[in-house]
Amino acid sequence: MGDRKTNWPLTVFLLIVSAPILIMYLWLFIDSISEINVESIWPKEFTLRNWRFLVQDIPGHGSVWTATRNTTIFAASVVTIVVALSSTAGYALSRLKFPYRAQFLGFVLLLHSFPSVTLIISLFLMLRMVGLYDTLIGVILVKAALELPFGIWIMKGFYDTVPWEIEMAGLQDGASRFQVWHKLVLPQIMPGIAALAIFSFMAGWSEFVLPLILAPSSEARLLSVYLAGLMIDDYLSDFGLFKAVGLFYVVPVMIFYLFTQDKLMNIYGGGTKG
Amino acid sequence: MRGRRSLLPVWFMLPASVAVTVFFVIPVFMTFVFSFTSMSSDTGILGNRYIVTEATIRELTERGVDADLVKRLGSRVFAFDQAGLAAVGKSGLKPPVVKEIEEKLAGAVFGSEKELFAALKSLKNRPRSFRDRKAVSKAVVNTIVNREFRTATGFRAGLASINVEVDDATFDRLLGLVNTSWSWTTKNYVELLASDFTLKILANTMFYVFFTLIFNVGFALVLALATFYMPSGQSKFFRAVWLIPRISPSVIYVMLWKWFTFDSGFMSYFLGTFGVAPENWLNEYPWTFVIFANGFVGASMGMIIFASAVLAIPRDVLHAAEVDGAYPWQQVRRVILPMMAWPILFVTSYQTLSLLTSFEYILLLTDGGPGFFTTETWALNAYHTALSNYYGNLRYGFGATLAVVLVVVGIALSLLYLRLFDFKALVAEPPIES
Amino acid sequence: MKFKRLILAALPAILFALPTAQALAQAQEMEIVVWAPADQNERYRFEAVALAANVLNEELKIEGRDIKVTVSARSFAGSQTWQQLKQGFSLAVEAGQGPHIIVGGHEDIPVWGNAGLIYPIEEYIDLEAWPFVDVFPSLWPIMSWNGQIWGVPQDAESRPFFGWIPHLKAIGYSDADVAALPEKVKSGQYTLQNVLEDAKKIQDKGLVEKGYGFYPRATKGGDYWQFYAVQKGGDMIDDTSGKLILDKGALLGYYQFFYDAVFKYEVTKKNHLGMEWDQWYNEVANGKAGLWHGGTWHYARYTRREGLDDFFGTVMFALIPSGGAGGKATTLTHPLTYLISKQAKGEELEIAARLITIVSEPRLNTLHAIASAHLGITNAQTKVSQYSDDRWTAEATDLLKSAFALPNSVDFGQYDTLVWKGLTATWSGDLSPQDAVDTVVKEMAATMGNKVIIR
Amino acid sequence: MEIRLENFSKSFGPVKVIEDMDLTIGDCEMVALLGPSGCGKTTTLYAVCGIHRVTSGRIWFGDKDVTDLPPQKKNVGVVFQSFALYPHLSVFENIAFPLRIRKDGSAEIERLVKEMAGVLHMEELLDRRPGQLSGGQQQRVALARALVRQPDVLLMDEPLANLDAGLRLEMRSEIRRIQRENGCTSILVTHDQVEAMSMCDRIALMNDGKIQQIGTPDEMYQQPRNRFVAGFIGNPPISFCDGVIQDHRFVTEGLDFDLPDRFEAASITAGQKVTIGVRPEYVRPEFAVPIEGEITFVESQGREVLYDLTLAGGKVFRSIQGGGPKFKIGENVRWGIDIGATFFFDERGNRI
């Protein structure tokens, strides 16, 4: 509708309903760089003390950098698997002819409605069977598999939006089906890939339960556990520290988000095309 | 000549299919199977385990098993008979010790380990360490109590070692009673139907899903429409703001809500300036904030879909409405909303399913409280039952039952949802046939 | 050429043999894995095991045994992670990849014992010998299940009744009255009825806000069983049959007390349960509550984190007062315990047992007691100067003699959940105490059958 | 290269779209597949290029059976209705794509693309992205991409549908020029008869999955095989009128005339229901067989005027006449039709 003029009542209204989010995240930032004032919510004075965890270990909680590295590896592996497998399976479901295609798709949707956390015991048995219990690779595979139905569904939606004629043209130009997918179709759904990547990154980045139970003797402590440990430690009353660590935990995702913002807006765009 | 079927679908589907099958489909199926077992953390998961304990003996008596048999099963004697002495000889004790035992204790029988140890202490070349005394005890003990067997044959051999011979029927009965492992049962479903928690949790779940849905979908619409009528800079800003909760790790997001609703948090401070006494608002109005916290996260999804749906409405239609003199809100009511029926339906159905199975934010926010099951939803209850129970055991079987119920509801809703969305169109035959 | 080929063929064999030869040359390394729930100040739960390993290594050297023991620990702060890890433990042991030693709650014994995940420790450690012979006798039953002792206590604590002395004085207590109060509680002269009355007085004087007169634990917890246990007939387990007991009279007394606190005297908030612990600690440590109940380890929190400098001058502590005639004052203790998992086999089992023996030495155990404000486990410990010099541990240990523990039963979880449900229904005013008792009895009979003796 | 379809049939599941179609397109010839939407023309095109599998029958390129060849092996250039340019590639890369897939050397690619761009007059566009091009430019790129590897056959699916009117005219002759220059056998799928007539050597008019008639545009216009062809071809369209044969006469309400001499008694029997078709240029005052009625519609097209003449029985004949509007709506006139140029169709629509 072209560029509109500011509609002040509307803007003010949105500011009010968005206030909780704005306030919460603003204070997350403020409190992380100030002395916490017990009497009031207004900060007392500027300090970088809350960020000390970056340069020294908080006793009993290990190094934040180790946790960050572990979490990054974990999340990146999950992203790689989810994106790779969803982008192939999503393409097959959207574009290729094979038996039971509709059943596959219906099944993927049904799986989406399963509370995955109740699968722990079965997952344990499966991991043992394939010999991956108590390994980080096993947990990564499990996490990725649990994210896959969502990923496949979303990617299928994105592929559906690519015009068939582009593929037909590719075939006529002599490309094989694989070349068509790889050289012509994949570049069209980059926004979808970016969106799926950020959401599966998020899922991996904040995972908490699976590694604890399925790889219990793993030394790879994740950021989520690091933060939960800090927050629940009865004798660490440092709210400023929590907030700083919390911010540290959110920032990578935020940065990723800023770079992909426009594409992210499309995440569900694909999935809604009937 | 027809045989040019490509293998590409196979290569494209295989990795995802294998991963999903191994780590999702089979586990889902196993969960269904588990829902018919008494499996819990005190039964273990793998294999059988047969053991006669004090409690077993009491239970056998209660169940009217032959008193003589019970007595023999419960007996624990330390006998220096031939076999016992031979075992002592092979137990690795020093020869003088063995020799003295053979000389002084041959033929002796003790009714308890305490008496045995007392007798051992009277020897000159006595086994001095606890381990050595235990070695003697182990060599001469004649009992089945507290001995662990992993197989039925093992257990039968164990019975034979204390000279208990039973017929097959009695043996099978015994086997059932001394097995500490899980068994097949439909009790989980019976309990679910009989318990009055079920209704309470069901009501909670419906309440939660319904109101969160209204919040989600309502706010998503408001946001999508409001940002549509804004300069693009502003609309970008607001959309970004509403996506932040969605991309924050739940731990952080919930921590912020707690800070917001604390006695000493923002709300109390803010309302304090109007003279309202500080309160723990989360504790006071748990449902309100459970719904808010989930709603603020969920609204972003609908917002994105609705925003793109509004953009997809042909401009001519809106121009026409504008020319006809419709104010924005009239445009919304008369033109935009009717054209968005489909996306609204989609978001509603999709969110219903997601909300039904989600529990993470409630877990972190109220953990089902305050008080008893105040905000406990079905999925959260399944989590509590199967995964997190401070005291006592984790009831895997019952937790699986709860999950199965959720799956059944999920499947029913999905089928409805697929019908509404013309599943056939989603899987239209690909035109490229080569 | 042939020679070269021979070397190439032999190379893998040589490489393979190298580490083995090295191992033969050195002492055999044995890694003992310990899992423990521990906040920063509770780190001695696992660190003390490492210290014990140093002693053990010297002992092994003297015995001429070629073993070098190392301890690798995995600890988790906070109950959330710990609960997950407890499940991780069950699975890990079944998979043969668990720790050798785990620090659990005593209530874990029946669960893990029944699943065959842990050894009955009495078979591997001489509990008649030092230092176990000196352990407070009241702790052994708590370590027992099904006729065997499964673990040794790691620490002890109790959950006392607290009062804010300035408030007590303001309603007419003299210094001497305050000092005599714990004795009066113990002897049964001061009952829960008095608690309600005093709380009301404190509140009426405006010393605390409404609903702050009696300020119970913030969330669900075993502590609430204390108000059942102090009632007449408030037993939880039948020692001869090993079955759980639900005493209707005691249950009514328990529910009635909280009903009165919330609705009759209005000294407790109706929406108290489920509040934030941070807030709770802050309030009780700053005199915002009149009377309350907590745990011995709260001392560390009050004095270190909340800045309560003069603890003994401002806070009175005692047993939980009796529920009235026929009842007795008591307090709950919830000891943690060192358990040996089935992961430990052969020599590992022996080494784990010896480590646990050494770590239970008074001096080593005291490190944990002092650092975390928990209580010790042996009489001798009370004579270790670090322990006896600490006024809190020294005085609070006295409470332990009158303490009870939750029963070790596989069925406890279900039983506990039902009784808790009755309490919250009473607390919220949904049911009268009598109706709550009836409901709980009915549901328990229906779902648990003859696993519970209802009387 | 000659294209031959023999007994070609195509079904989608139970639905038969094309049945037993025979079509031969001569070397260097350009044939239009013309028909209303849903008639199966695009399906035929997709089968020829290999996107669709053939249900039964054979397709030949010259003397090579290409029925079961996948599209990649057919050397067919296709221009799609939406042009199907690859949005992430530059114009150069779009045109180069088939060559790159063929693994030509980069110098060769450079040469061929440049050459093709020259033919299509678009050298200056090579660095742009498809999104930055106008419709006509996109059309040229699509054409260039289809032709760059010298296909045996060029297929075009509604290539002009997405262009505006002026461009359409220009591209018509442009495409024809390029096709002639390249000399490749071509099939043009279109629903626009003007396009088909002006661009192609021959037209295959399709309906309901069958070819109704094949021929040059003139043949189609002058000698339609059936009522459908007569009705489809020609603008303004032909007028039909149902009647009955009585005594070697065509009779209907408001019209009654002797059958022309070419009908012998055997070919047409009394009582038979027939339909006549008269093109507008054969309804004029000067023709012999009289029709009387009221003028109900007048539309001036500048050089010519279009009238609707409604007979007493309600039958409508369309007439086109030169020389400005001479008649007004409501006027009763007595005109004539040219029996020699009138088509007769039997009940099944076949021309008699």
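For clarity, chains are labelled A, B, C and D in written order, and residue numbers in each chain start from 1.
Note that in this section contacts are C-beta pairs under 8 Å (C-beta built on N, C-alpha and C of every residue); 3 or more make two chains touch, one makes a residue touch a chain.
As the structure is a prediction and not an experimental result, all values here were calculated from the model.
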Chain labels contacting subunit C and also subunit D: A, B
Chain separated most widely from subunit B, comparing mean CA positions: D
Between subunit B and subunit D, centroid-to-centroid distance (C-alpha), Å: 66
Approximate Å spacing (C-alpha centroids) for the pair subunit A, subunit B: 22
Mean-CA-position distance for subunit D and subunit A (Å): 54
Computed distance of Cα centres, subunit C from subunit A, in Å: 38
Junction residues of subunit A, two or more chains touched: 120-121, 124, 168, 171, 208-209, 228, 231
Overlap residues in subunit C, where contacts from two or more other chains coincide: 79, 84, 87, 91
Per-residue multi-chain contacts in subunit D, two or more chains: 46, 50-51, 70-71
Overall pattern in which the protein chains touch one another (line/ring/star/complete/other): other
Pairs of chains, among all present, that meet the touch criterion: A-B, A-C, A-D, B-C, B-D
Complex contacts: residues of subunit B adjacent to subunit C: 41-46, 49, 51, 53-55, 58, 130-131, 134, 146, 148, 180, 191, 194-197, 258, 262-264, 280, 283-284, 286, 366, 369-374, 387-395
Subunit D residues within the subunit A interface of the complex: 46, 49-51, 70-72, 74, 76-78, 80-82, 84-88, 97-98, 101-102, 145-146, 149
List of subunit B residues in touch with subunit D within their complex: 1-2, 4, 429, 431-434
For the subunit C and subunit B complex, residues of the former touching the latter: 79, 83-84, 87, 90-91, 94, 107, 110-112, 114-117, 120, 123-126, 129, 146-148, 219-220, 222, 241-242, 271, 273-276, 279, 350, 406, 410-414, 416, 420-421, 423-425, 427-428, 443, 446-447
Subunit D residues within the subunit B interface of the complex: 12-13, 46, 50-53, 67-68, 70-71
